[in-house]
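Right after this note come the structures.
Look at the two complexes coming up: subunit A is in both, with subunit B in one and subunit C in the other.
Let's turn to the complex of A and B:
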């Protein structure tokens, strides 16, 4: 009895006497001392009780393999494993005389229902979204791909947090080099990381150029988007702490595709895809272009427009770059405020920020009407992208271009444009070319950037810069 | 440096090496020195160039650079790059960035070329794809001038004298500066790609028609006496086009030409990279930095009108030794050496 009590105390102290950790004596057939351990916050108590009842009956008839149920496994007691199981929400029955433990995999970890993600709305199609439970998330994919070659592998990352990271791909479709790349990077992460807080940290390890403004993994919370990418040979990385799934290898143009493209008509889907790609140019270059014109190249404008514009900006005390910066910073402040505030107040912020400040700032003579138009158009263009990360990257990118235009006019934009595109050519996502199918040039696939064709067999993504590699 | 090229990539690189910097201006030399029959002279020169390509294709395996020949070629390409950069800088200063000190604009250009040179080979190889749409826009807007062309400008045919023919053909070769890059790049083309015969003919026809059309177009547009006063005829044609939405169309085209020319410069630098990478066990990066330092400083001494005129007049003389004579010597030497080796074995 003394042994039992001291054991229970020891177990409790192992878990720092947490109030939700339970360790109590239970009666067990053919066993003098048995202890039941679990985190009350992580198990479904009625399921556990039912399972214990079943096991007790099987043990009492002295069945040889009495632990063989779907949820139970018997194994020799090891303190390290014991702690690990408990932390994963499992229930453990310790059989002290036999020095064995039976662990019941019946965790109940709270999660939301799979509602549509608020940051990836679509008009038609599935309205399901991922949740903070990886079993539910994998289930949502398996519901769509009922094939045995949909492989799911797991790695435990974070020496302290022990977060499960899963990667999923279609065998025979996914590029094996990319799968190995994911595995090796996750292994590296396993060795180096103490704690894993967000899916973004996994993204940092998987991306090859962390300081690039362009995301090299596509983040999504939509199962239909993951499904569409898996059949194209991509790899999906899940965590059990976040609804965000990372997809790779991706191209720059993957960020401009939306599940809505395939939910609508061919022509409609194609038109909006073109609009989105065009929005990249306006979102990045439009303010820079305007600054270059009003600072250096007034002569390119037709006389009528030139006169109006000169009149408009002649009353502004600041240089165009300062004007643009004032407005851009206001837009960024409004955006940041509307993200953090409750939904009910966001509309007020929109009205105050957009209408009141926009109107007053022009009346006060701080910025010109034309600049308001340009910055508003730029902001709208940047929000067209159906990916939050790419949207943010684009918004940041326009600042260096504005600066280059203010310093050297069109010359600055051309030089900056060259640097931007060379950077895009140099990038790769899980060793695959990022700017495909433009570079490496694949004329047959280029139309897919702009046009959503009638759905036929999906084609795997290009995986190499090397023409020999592409032929393989 | 390990890289492989498809047939399309190979020809695209050659296209951008041969066009680019010289495209806006070479017509003046050909027409000024060649007279009314300049377009025929260009056609004849391009036939010679096809024969040269044919010779290259047959013997490219024997074009192996030794220690000395490698540095001779690097020096030649450096001279071409410096000349091109000087001309680019001069044109930019005349047309668009009059107030910017040349040092800064050149620094920006050279930093971009350095970034490309330090990137992986596939970046340089594929960069041309991004320029293709710009070249198309360039051509479409030149075509706007069609209604102003006077087809009678080239008549009567056959009025040029023999010295005019020689000079006209000589300056026609400006359109093919850099053709020796064929020998540098050809070895990296995938083995199963067909180059001989039809592909090479189609490529050369595209380049010749592209450049030849600009010669004949300029002849149609300008009177023979006018052309002497116009150093960059293509830009002048663009400047004279009027559209409703933009007043100075030429400014956009100078920037398109700048991007196009930057690519040409980089392809010449790529030749240098290939040559440098043949040094076993040596990291070519420090040398690349030195080379970029040179191409940053040297053009600053040649951006005056006189120097640019000198370049336009005399750069073409380097074509003969480096695109014709030296390759022939290297190929014949290596052929002989190889056959001797075969016999001794």
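Let's turn to the complex of A and C:
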């Protein structure tokens, strides 16, 4: 008995005498000494108790494979494995004379219900969202793809945190080159990282150029989006700490597509897809365009508009670039403040920031009316993008363009545009071209940038002049 | 390699010196300008809105100088901001100045890339100053007013369509076609401008001949075809009863014919018209329709012949008969001076009017 107590003490000290670590003796049939160990914060106690009762009954009748149930596995005792299992929320029964351990996989790790992610709202369609539990997340996908070729692989990343990273793809649909690219990058990550904090860290490793303003992996918390991309042959990377899933290889235009396109009707979906592509142009180029006009090329304005504009800007004490920067920074401040604040106060910030500042700043003569219109329009159009990542990128992109426009007018915008496009053409996402249907040029796919095609081709109507349909 | 790229990029960005900033708020945008006098003692007028909130209030800046550019430099000295002509909509030229070769006056507009070449030009009877300082309240800024004024006349086919500095520039040097520039008179009672017709040019000089608005309409029909509308009113006499008859031209086809080296030129014109106004009615009767068509054909043909004669007398060729003859490679183009030959040409028109519509109810 002394041995048993010293054993329990030893186990407790292995876990640094944490209060939530429990190790206690339990009675066991066949005159066996058994110790029950678990983290009380991580197990489902009633389930464990039921399981132990079942095991006791089975052990007393002395069935040969008495440990084999849904949740239990028996294996020889090894200290390392023992620690590992406990840390993963399993319950272990140590059988001292047999030098065996039975571990019960019945963890209870708290997670949310799969609600719709607030940063990716859609109007129609599935309103499920991922949670911080990878089993639930994988379940949400398996529910949609009931095929054995949906492969899930696991890799443990982070020497200190031991976070599980899962990658999922449809075998024989996904590009094998991309799969091995993900594998090799995750292996590299396994070697290098000590602790994994966020899904963004995984994203950094998977991206090819970290300093590019464009995200090369699509972040989403929507199962329907992941599902649609998996079917198209993309690879999804999950972590068990974050609801965010990384998708790749993606193209620039994937960021402008939303599940809404396919939940709605063809014409509606196509129209809004075009609106979104157009929003890229206004979000990046509109302030630059305006600055170029008022500081270089005002002769292109029609005279009716020019008069009012002139009136507006003649009272502003500094040049347009500074005026634009002031407003842009104010908008960014309001945005950042409203992200951090609780829902109830966001309304107030919206009114104070948007209405009061927007109105008074013009009467105070700090910025002109036209600039308020331009910057507000730009802000609105940058939020049209259905991806948060791309939205941020675009918001940052317009600053260099504004600077280029202030330096050299349209000429500057053209130079900037060249640099931007050369960069986009060079970019890769998991070894496939980022600017895909445009370079490499695939005319048939270009249509899909602007138009969401129907799932069904309508069959031609019978002509009333040719009822038997001979002419086709 | 990286350094070379950086140097190249910087030099492209920073050394492209023509891209100097022109801040809109530091410039004074002139929408209408005019000049009179002659080279050496030229007087220019620039209209400048003097109230920021109400652009219909404006001052006219008057400067004297050697050349158009010189007067503009002097105007700059009178103002707190730099004068900028890049939004010039209308340029007014005094009649007496146009008697000189007008190209030297316009040279600066063609040479400086910041001057627009899509601004309209007009010849004024008397000093442009009177046309710029209008006492009557205008609905909009003077520049806008003159632009709308000329454009509305263009739509009525009274002024040639889209005639701007750019088009005038090529015609000034084309021997085959001459300019006809809008001619503005002043309404003595109100001080507002009136469209008086077209000033005929011979090459680069004003001939002194002015076509009235009716003749202008016919000229534009022959030169460029109709614009949005082309209306003519006649007094139709029938059994001692006079009835007004207004037509609106719907379609017009013309063909200029000249054979070999003959000096006879025939212009066949086919016109399809809509009857806009004809109180005595009964257009449904074939006889009346026939009579009207005959009457109109004769009337229009006579007017066109008169108008062409007037142009020939002024040795101005705004229809572009010269271009046609030159294109045919006829000897009459090569022999002697074309303008002398032109004045002696026998130009006849054959007009054939057809009534195809007679209003919505009848």
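Rule of thumb we're sticking to: the second predicted complex is superposed on the first by the 453 of 472 C-alpha atoms of A that agree within 3 Å, B and C clash if a C-alpha of one lies under 4 Å from a C-alpha of the other, contacts with A are read in each partner's own complex, and residues count from 1 in each chain.
Everything that follows uses one rule, which is that a residue touches a chain if its C-beta (ideal position, glycine included) is under 8 Å from a C-beta of that chain, and two chains touch if they have at least 3 such contacts.
Quantities reported herein were computed from a predicted structural model and do not represent experimental measurements.
Superposition note: with subunit A as the common reference, subunit B and subunit C are in steric clash.
By the touch criterion defined above, A:314 lies against subunit C but remains apart from subunit B after alignment on the C-alpha atoms of chain A.
Of the two partner chains placed by the overlay, neither subunit B nor subunit C lies in contact with A:80.
Of the two partner chains, both subunit B and subunit C are touched by A:299. Of the two partner chains placed by superposition, subunit B and subunit C are both touched by A:411. Looking at the shared chain after the overlay, A:439 reaches subunit B, while subunit C stays out of its contact range.
Once the two complexes are overlaid on the shared chain, A:422 sits against subunit B while remaining clear of subunit C.
Among 9-17, 27-35, 99-107 or 135-143, the region of subunit B with C-alpha atoms clashing against subunit C is 99-107.
Overlap of the subunit B and subunit C contact sets on subunit A: residues 299, 301, 303, 306, 408-409, 411-412, 415. By the touch criterion given at the top, residues 12-13, 16, 19, 21-25, 27, 29, 31, 49, 52-53, 55, 86-87, 89, 114, 116, 140-141, 143-144, 147 of subunit C touch subunit A in their complex. Against subunit A, the residues of subunit B that register as touching in their complex are 3-6, 8-9, 92, 96-97, 100, 104-105, 108-109, 112, 115-116, 119-120, 122-123, 126-127, 129-130, 190, 244-248, 251-252, 255, 258-259, 262. Taken in their complex, subunit A has these residues touching subunit B: 297, 299-303, 306, 408-412, 414-415, 417-419, 421-422, 425-426, 433, 438-441, 465-468.
By the touch criterion given at the top, residues 293-296, 298-299, 301, 303-304, 306-307, 309-311, 313-314, 316, 319-320, 406-409, 411-412, 415 of subunit A touch subunit C in their complex.
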